[in-house]
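Next come the structures, one after another.
Both complexes below contain chain A, partnered by chain B and then by chain C.
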Partner chain A sequence: MAGVRLKEIAKSFGATDVLKGVSLDITAGGFTALLGPSGCGKSTLLRIIAGLETQDGGSVVIDDRAVDRLRPTARDVAMVFQTYALYPHMTVAQNMALPLKMRHMTSWQRLPLLGGAVFGNRNIRNTIDTTVREAAAALEINHLLDRKPSELSGGQRQRVALGRAMVRRPKVFLMDEPLSNLDAKLRVQMRAEIKELHRQLGITFIYVTHDQAEAMTMADQVAVMMDGELLQVAPPRTIYAAPADIKVATFIGSPQINLLSGISRHDGAVDVPTATLAPGATAPSGAKITVGMRPENLSLADAAGPGNLTGTVRTVEDLGTDLFLHLEIHGAADLVIVRADPARRDGLGHGATVHVSPRPDTMLLFDANGKRLAPATTRPNGANGDDATGSAGMLPGAPTVRPLPIANAANRPRRQDPTEPIAESVE
Partner chain B sequence: MIGRLAPVITAAFARHAVLLGTTLFMVMPFVWMVSLSFKSPDEFFQTRFGLWPETFHGIENYTRALTEVSLARFMANGAFVALSVLVLQILVAAPCAYALAKLRFRGSEALFALVLIGLLIPQEVLGLPLFILFHLLGLLDTYAALILPFAVSPFAIFLLRQFFKTVPDDMIHAARLDGLSELAIVWRIMVPTAMPALAAFAILSVISRWNNLFWPSIAISSEELMPPTLGIVFFHNEEAGNDYGPLMAAATLVVAPLIVAFLAAQRRFIEGVTMTSVK
Partner chain C sequence: MTVTETISSPTPDRRHANAGRAAATGGSPARAEAAAGYALAAPAFLLIVLLVLVPTLGIFVIAVTDWQFGERSLDFVGVRNFVDLFGDATFRAAFFNTMAYVAVTVPGTTILGLAIALLIESGRSLRAFYRAAHFLPVMATLAAMAIAWEALLHPTIGLVNQVLGDLGLARPNWLRDTSLVLPTLMVIGIWQQLGLAMVLFLAGLKAIPQDLYDAADVDGADGWLDRLTTVTLPMLGPVTMFVTIIMALRAFEVFDTVRILTHGGPGNASETLLHTLYVESFEYLRTGYGAAVTLVFLLIVIGLTLVQAHVMDKRVHYT
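After this line comes the complex of A and B, so read on.
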């Protein structure tokens, strides 16, 4: 088992600082997702781990050994690319066998004809052939071994790419947005399969994605990156329920988290438009505060009250399972989204006035710099790394439990269609 | 309907008329050569014009072409030289093109500019310097003199570089992770994916070697080293006088392999020059 430690990795392309001193500990045998919007430097970081790019500063340690001066192949890592990067002139079997041939045969033994006749490569060839067949069987692509990549569908190519990476049993398995070229349905299925593959291989997985659904459902540790910096490294449940930064809070979750700006009072309450909230975290009196509330942590109240928000319904989205109300709150910049029980739909038409009460222990407080203020007592939702989705996606073919209401990108407009919790890529 | 289609039909007709006209212009000398190779000497200087021979003299002409000079030897020389040049050109050009297309290093753009300049220099300009160089090396009148001046082809480097540029970087990254050295990437990944471009280049290269008269006429004087073009000139000087039948028969025989090769590789050739990238 090999852990990966990144120390102060810095990289710039020209005048652009792509990575600004990223430090990260990746547990041996774990599944870590590098999550962030496109252009945040996550792919560059992965390439630096693989040795395909050279960092300007910092160090990469794999298995307690600095690998900065090692060539990619000597680092013993394998990588799956977004474009799969299969060799178009080779069959599936040849694609998968190539890494083994390069490792276990001398250049003389690799010669066609002569290699077998003179240098006795038969045994090695047989071993390689067996290994390839076993991997192909595990990925259910053994009937495709004689085909060329151009004759395969996207999902099949994806499996071949996985197979080529896993045949040589690397210490670390790197994946660069491996699912983004697949359609939504196949992506959900492959998520479960990759998760299962991780369980079987038991090696360290580092998975780069801009799709929060992938990161949240597959990883046991999510590292959220933005603008070349790590904002938070934590289990998915913590990232969702206790984001360290307002940028993380808005990036994760669909519909997006509601943000209301307010002023804190001396007694710990916060004045926001139409209400005074008691969020349970402490802020200096008179400070500018942003209160974050997830749509599912708001509930309809029967009457106005000091702790209840009051707003006018602008849009109603009935998804059958959930009813999302978009409320205009007087004095607030953005619409506030509330998840309600569809049974309560009556009387909630456009223009209706409603009162909403937030669950106090779920409110997130951010200071003027966007950093979250520590809660006074309880942690919201008992969030503590217990990944509720951990077992859900593991069985291949099992229906994927809808884990967390999450979407893809930070800057998505609020009025997205949440009927599809794992929304299409926006990039 | 017809009224609207009329301009389209007229345009298509005009297009084909122009194409047929130019084709005729190109093909005529070739057809004339084949026609003469079947005619008797008496027919050459008749005022009557006809493609079909009055008396079929083909067997005599082709027999003389094949027996009086060692045409087979010339053609074997030509094939040996053309293939050696092609192999050397690919051996040199593929790594160069890979470096220019995919590796980042200081001066790569200047080097590529040099390749482009190399494309502009006509071979005839180099005739004299090469002659002196090979004289000093003592290599004149050898196979090496026919092969070495063409071992580096700027055109091959250019063509392959353009093709290699279309290969995704991730494929090279994958190859590096799979344990391939840079040279292994060139020969195991890049060159096989560039087969259409290579086929096109092979045809162009072989044709220009096979048809080249200028440099062999400077560098070669021994009959047993002569390529086919020079052989025909030699034949003309030695034997023909006004006897063009066997000469045309020899010329026809010399061109035939090229035509066969081109027809066989035509589809790949067009793929290669139109730069269809790997999918």
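After this line comes the complex of A and C, so read on.
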């Protein structure tokens, strides 16, 4: 097993800095996802690891050996491409056998007819054939070995590409958005299969994707990249619950995290439009900060209260399992999305006024530069990467007993008029 | 094939819709639709009939007569023209010369065109210049270029022989030597067509996905020869087929250089099919005989195209 260490990798195309000194440690045998929006430099980074692109600065170390001057083949990595990059004129078997032939046979032995007759390649050919058949059987594509790629479906091509990469047992398995050309159902299925493949092979996987669901469900370490920089490297659960940067917080999670700008008070509370929140994190008094709240960490309250947001329903999305309310909060720039129980749908139509109480321990505070302030309390309850449904929140909320909204209201002596905005937070 | 499917697939639906309407109104929209179809196809069909089918049929008719251009009468002679044809030394020379010309210039232009395209594509500097320089002969009028070649190849004052003389080498009479005249014309032919093949190959090279080269690099096929045989040549299959057909058709049509530089001589050493056809039909005015030559020419060209399309289509189209 081989670990991969990236030291200060820099790369620019013309005047554009694509990678601005990226350093990353990838543990041997682990599954690391490079996650980021298109154009963030993640594919370039993968190509640099593969040796298909040369970095302007920094070093790539695979298995404690600097490989900067080595050709892709000599680095002993395998790569699966977004387009699969199967050779269209070769059969599945020939496609899968090619890396082995290039590795174990001389140019003379590879000659179509002469190779066998003159240079005695029969034994090597038999070994290669066996290896290809074994890999094909593992991927359940052994019935396709004589077909050309054009006769295969997208999912089958994907398997052939995986097979071609795994036959030579590389040190590192690189994947560049391998699932993005598949339909949604197949993508979910292949996610599980690739994860299983990783478990069986036990080698280092580096997986580039822009799809957070793929990164969160498959990887045990997610490296979030934006604008050529690594923003955070952590297990999926931490990336979701304790993002280091506001950009990470907004990129991860569907629906997106709610952000409210506010001013911190001397007692640690934060004034945001229509409410004063107690996020349980420290910020200097009077500082402009942003409070982030995931939709599933907001719950409907029966009445207004100082800690409750008040808004008007603009859109209702009923997904069956979840009900998403898009609320317009007076004084807030964006709509706030709340996940509610579909059973409570009655009376939540367009224009209804609702009160929402955030769970204090889940609120995230970001300073003016977007960096997260003194961590809000998080309870990492182990890597929870198997939520393959990806329908609502990426991960289920932490299993804590939530106070009932009614109790919340009862505990608060002074009720505020829900229509009356809090003075400080109004622009 | 995909195209035909896409085009034809909506038709049944429409027909169903029309059938429904027909049942309701009692009219015959299917017939009306057919009429509209014929009406739309009519102009193109008419042009094809007038410009292609009728003249071809005319040639078939003339080829079995002894008609001479300008004569008021003609006699049916059956296959006599064809029998004469194969007994005629000039025709046989033209036939074999043309075949030899095609056999040399087609691979010559294809391989050289590919090599130049690969060289231009692999280098970074002066690409536009090299492209233009190699493409110029295609743009130029071959008749004018032939005269320039005549000057270059002049046995005494031509640049080629002056250089050879200065180097102390023999100074052959390129266009008057029976063993040299056809190879010389072949070289001029290759020079003239090279640019077209190159441009087509350049376009083909641009269409090869970079991913395939990357995959080849990772798989270990990273030497130039391995890359060429693993990715470049197979992926250029469709373009190569197209280039070969175009080059073969153009090579069969060789006429300008023969007419201007050699008139088919010395002897019949540079006689070609199209030149024979021209001389028989428009110099000797033996139109019936010329029509027979035309038919043979037509058969060769059609046969060649069909064979190439059929054989190569199966081997070079992957998707």
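The rule is short, and it goes like this: the second predicted complex is superposed on the first by the 375 of 427 C-alpha atoms of A that agree within 3 Å, B and C clash if a C-alpha of one lies under 4 Å from a C-alpha of the other, contacts with A are read in each partner's own complex, and residues count from 1 in each chain.
The rule is short, and it goes like this: contacts are C-beta pairs under 8 Å (C-beta built on N, C-alpha and C of every residue); 3 or more make two chains touch, one makes a residue touch a chain.
In this text, all values refer to a predicted model and were calculated from it rather than measured experimentally.
Annotation for the three-chain superposition on chain A: chain B and chain C clash.
When the two structures are aligned on the shared chain, A:148 is found in touch with chain C, with no touch to chain B. When both complexes are overlaid on chain A, the residue A:83 reaches chain B and chain C alike.
In the superposed pair of complexes, A:339 makes contact with neither chain B nor chain C. With both structures placed on the common chain, the touch criterion links A:355 to neither chain B nor chain C. In the superposition on chain A, the residues of chain A touched by chain B in one structure and by chain C in the other are 47, 50-52, 71-73, 77-79, 81-83, 85-89, 98-99, 102-103, 150, 164. Looking at the complex, you find that chain A touches chain B at residues 47, 50-52, 71-73, 77-79, 81-83, 85-89, 98-99, 102-103, 150, 164. By the touch rule above, chain B contacts chain A in their complex via residues 168, 170-171, 173-180, 184, 188-189, 192-193, 195, 278-279.
Looking at the complex, you find that chain C touches chain A at residues 209, 211-212, 214-215, 217-222, 225-226, 230-231, 234-235, 237, 318-319. Residues 47, 50-52, 71-73, 77-79, 81-83, 85-89, 98-99, 102-103, 107, 148-150, 164 of chain A touch chain C in their complex.
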